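Each of the next two complexes has chain A plus one more chain, namely chain B in the first and chain C in the second.
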Partner chain A sequence: MTRKILLTTAFGAGLGTALGLMAVPAVADTSDSRIALSNNYAGNSWRQAMLTSWETVTGPAVAEGVVAAADAFTTGENSATEQAAQIQNMILQGYDAIVVNAASPTALNGAVREACDAGIVVVSFDGIVTEPCAWRIAVDFHEMGRVQIEYLAEHLPDGGNLLEIRGLAGVFVDDEISAGIHAGVAEHPQFEIVGSVHGDWAQDVAQRAVAGILPSLPEIVGVVTQGGDGYGAAQAIAAAGRDTPIIIMGNRQDELLWWSEQKAANGYETMSVSIAPGVSTLAFWVAQQILDGNEVPKELVVPFLAITQDSLAEDLANTPVGGVANVEYTLEDAQEVIAGAM
Partner chain B sequence: MRLTPDMIRLAVPFLALAVLLAGVFWLQPRAMTYSGLNLLFNLAVPIALATLAQMFIISVNDLDLSMGAFVSFVACVTATFLNDAPLVGALILLASIGAYAALGVIIHVRQLPAIVVTLGMSFVWTGLAVMILPSPGGAAPDWIRSLMTVRPPFVPMAIVASVLIALVAHLIIARSTLGVLIRGVGGNERSVARAGWSVLRARAAAYALAALFAVLAGMALVGLTTAADANIALRYTLLSIAGVILGGGEFVGGRVSAVGAVVGALTLALAGSFLSFLRLSPDWQIGAQGAILILVLALRLGLDAMERRRMRA
Partner chain C sequence: MTFLRMTASRPWLWAWIAAVAVFGITIAATAGASAAGLAQAAFTFAAFSVIVGLGQMFVITLGPGNIDLSIPATMTLAGTVSLKLMDGQEAMILPGILVALGIGACVGVLNYTLIRALRIPPIIATLALSFIVQSTAIWTNRGLRVKPPESLASFSTGTLWGVPNVAIVAGLLTIAAWVLLERSGHGRRISAIGQSLPAARRAGIPVEGVRLATYVLCATLAGLCGFLLSCFSGGAALNMGAEFLLVSIAVVVIGGSSVAGGNSNVPGIWGAALFLFLVVSMLNTYGFGAGPRLILTGFIIIAVILAASARGRTAA
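On to the complex of A and B.
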């Protein structure tokens, strides 16, 4: 398992002293426990990586007897009613804990309530549920926006004009990241956001949108993004014949590849930040800790994955073509996250 | 007692349900308990109601492609207005039933294809749902919540509710004058008109009845989920159509069965659980669900052929 640098409000940089799974102490209390993963969608690279991470981490955990089973279930279609039925099936199958990436924050509440009433531990992550009896591992998207301005302020102390690329309009994640970016700009008033486009978290959409707005913009020193849009922005800016500003990347393989090419060619510097699909494995360990009888706060914050100039080469090498940079969590990581939230 | 063709037709969905249920019990004995049956079937109750709604539309030879969107809209109204201001909520739901009746009138008077009109309406309902509930949330009114989580003695709520709604819908469609008229429009519109009945009124009534059952479906769904979201029931469009056909209904000819539709809906819900208990990989699950459908329909085609041969003889 590789060493990665994670940033989070909860406990700052430098978590993830990634001890191998061999170092996991034998936990007798959960060796009979069965944990199920309820997943609503498997149709993109992020979700595929999420499921692969689950297999990679839970496979050895089951083999070593940490838990008795860790089965992954994905519904055929991305629908809340189907996932509610899936969760009710898991109750019938007698699982001790259910780890959920939910299709809807509210529409599963009835099924989650049924599970809690049956004495089952429910841990939601990424797509969280609002039912109070469940645990939530949420992403601090606000902070993910803020650290981008923080980074720019370090590298561009004089400030300047910024272009903001937003995600899909009307989605909660887009609002949160954007609010974080604007909060960062309020902290560092030497920056000004002179333009904002929606890139829908997709390279081609971002490229079109940036190409469209560029002629109306003054010189820009930085592009703040939401992930999946950095490469498209770079292409559009290059096509317009402008100097390349600092474009914050979003951990996608094409973005990292472009960055590393620029780095080799002219020492280009930037950073990359997104949420790691391996967060499913963090949820797994949190569920295991709850089953083990440890006290765990209901609200946890997942650390997001940042890639720096120094870690770029290694992270790029570890990211499959067309994929997303990933990190898998260990029991110790989960314990640190829990301790940080206490 | 001689077996009528209609009874043989109804036997197929019951047979499919029984076989699947036996499979589920064998794979997961826990399902055989009171709460097990409830967990297995409670989410099928709103599907059954939506299937009955679709049945009324199909019985006049139309097809409603906005069923899922409309049920989602009702769910959003239930979780917001009906909870905060019951009177306003009830008025909105009544108005939406009126809108459905009006749709029936427009489709009949202008001779429009129902598929196109309802497809267009699905965007309207989804739009309204998003306006009412821009982000997932709301809360189920307490009385609906307690109704959907009631624990009657001996038989779980899901079973009692399924039997009850099947019975009520059966009385409407098979025993009442209006039901005969609606099926008559599906069977032979012209002869209904020649007999002096208003086809327009029958079609409007069929659409209003469909809306009534769809409203009940949305309310039941929110009672189970405790909150709504604008896309909550989008899958119900296809599920409801499949349920009607699985339950022995035909797309044309006014040949539908309320009991069959409910059994069809339960079978569809159970097929998902069965495949999940089988630990079938999700990649195969959709295909397997389709295979079960095809199997049941093939069985019915066989019976239809037998029936025709006997009629010729």
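On to the complex of A and C.
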């Protein structure tokens, strides 16, 4: 099915860009192209799911001859210097496109510039780079924070006290989501954030931080989160013997399972929102489309993945045990995102 | 004067004084209403720091250069493999515990092998091994969180007469560690090696055997801690050990043990572990942002260490 779509797009693209080349192979202009994934970190379940998705989608793409290679590389330490060196190696190895999840928005700009100068297409996603020659597939993290308050305002019209669990201090994603949450609270002044802790996007860290602040907090009606911390918060609140407030979840399977158990037991309602790790596959197709000669805007936005009370059962069933709810993107999805940004 | 003399002979007192002070300031925010809840939370989370801290203490006691940096990776691997093996089944609990402890022991043996056979300094050897161990953990389960068996989950999050079960486990281990360090020949040998390696050799202490046993003990405790923490938090995570590298060393130092080795004390580890948890809770409670909180945490830790070591010097 993918092949059919590819054929038509390759044909369409071929008409536009390679009219003179009659001997172009039937599949796509990119069948000789080699794409590399430069990844800065693999030490959590989200990143592992991201790499697995990359394999799942690029494996068949390589087998079918859409691209010649799609190799994934991860640096040992989460360090920008190491990743810059890795990108320089990729330039020397002659890749046609580099898809990068960057350790820093600015520290890799030099290496990215070198790649662009060497005629290599650079597509950054999730951890994006600011270098103008690269493409950016960004997540609207600000909105991801704001919709949480929006949801709470709908379900708790009277408002009340909120506990905020933040991510890893000093990371831009943490600042963005938190800014979105605070913007939401400004819109809905019936809510007040009475406590804020850093959960580092990890259940055990969030559990410890929440357990530490909880005894000194008044009654809370909601917990706003950043993903990977909802289950830990639920456990800490249960251990303190408090009533369970609305805890916004972050698409992890243990969170969804807990939610579904609570839903079955007492009709518990909440929502869950995060980015799908499969965004790496979207970046892959975007890189392929650029190599194919299509015009692609430099700034793309990927929608985040929200799970509602109604979609919970289905999404939980589709999420691997212990993993993260995921979406793997197809070529059509990538084209849709590109068309939407035009 | 008597107070000074008392603290001089008991360097661990400072960590406890600091912990109690921070506890008081924190509950003052709610006029004391939160005391029981906060104490319970503090003992729960301090327990994990204590378990790895005890192991690190024995290694540090061995003297300059001895340290185990593979604790986080060992915790992660032990948690990941044992929870995958148990797969939520009650019948597999015993094999699960044994595998967690076994992984710890193996890492300890490998650590010592690198140090002894290849003559690599411990700081490098244990760090290098930790990369291998961490990669093995990633490879084993690719970060999927397997739930612990129900009875283990409820045991690790439960309490007995208001005392968290994990704190009881850590408490029993602390008593055992105290007996081992202060009352057994083995503990005397560890301290002797830390005070002077050549003197210990001349005295006929089987230095290498003692070092091997100490590294194995430390890694085994890390394995146990990884196992308990994964049961407590509902599954092993690839980055769950990350914080415990610094914590395991900090509780030893703040607890009043000598970083140079040869002179350690057990009660200080509890005081320091409680203190480290409570400092973060206190600053969170008073609404400090991440930046000021980290800076203040740093300053408070430095202050406690200075206070403890200044008293130590006057005594000497």
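Note that in this section the second predicted complex is superposed on the first by the 314 of 342 C-alpha atoms of A that agree within 3 Å, B and C clash if a C-alpha of one lies under 4 Å from a C-alpha of the other, contacts with A are read in each partner's own complex, and residues count from 1 in each chain.
Rule of thumb we're sticking to: a residue touches a chain if its C-beta (ideal position, glycine included) is under 8 Å from a C-beta of that chain, and two chains touch if they have at least 3 such contacts.
Not measured: the values here are computed from a predicted model.
Superposition of the two complexes onto chain A shows chain B and chain C fitting side by side, with no clash.
Applying the stated contact rule after C-alpha superposition, one finds that A:T56 touches neither chain B nor chain C.
In the superposition on chain A, contact of A:N161 is made with neither chain B nor chain C. Contacts of A:A85 after superposition: chain B is touched, whereas chain C is not reached. Shared-chain residue A:R208: touches chain C; no touch with chain B.
Residue contacts after overlaying the shared chain place A:P105 against chain B, while chain C stays out of touching range. Ranking chain B and chain C by residues of chain A touched puts C first. When both complexes are overlaid on chain A, the residue A:Q309 reaches neither chain B nor chain C.
With both structures placed on the common chain, the touch criterion links A:R113 to chain B but leaves chain C unconnected. When the two complexes are overlaid on their common chain A, residue A:T244 makes contact with neither chain B nor chain C. Once the two complexes are laid over each other on the shared chain, residue contacts for A:S216 go to chain C alone; chain B is not touched.
Between chain B and chain C, the shortest distance over C-alpha atoms in the superposed arrangement works out to 7 Å. Touching of chain A by both chain B and chain C, each in its own complex, is seen for residues 42, 76, 170.
In the complex of the two chains, the chain B residues touching chain A come out as 28, 30-31, 36, 39-40, 42-43, 46-47, 134-138, 221, 223-229, 231-236, 269, 272-273, 276-277, 279, 282, 285-286, 289.
For chain C in complex with chain A, the residues that touch the partner chain are 26-27, 29-30, 34-38, 41-42, 44-45, 131, 134, 138, 141-147, 157, 229, 232-235, 237-240, 243, 277-278, 280-281, 284-285, 287, 289-291, 294. On chain A, the positions that touch chain B within their shared complex are 42, 71, 73-77, 79-82, 84-86, 88-89, 91-94, 104-111, 113-114, 130-131, 170, 172. Chain contact summary for the complex, chain A toward chain C: residues 42-49, 52, 76, 166, 169-170, 195-198, 200, 202-205, 207-209, 211-216, 231-232, 235-236, 239-240, 252-254, 320-323.
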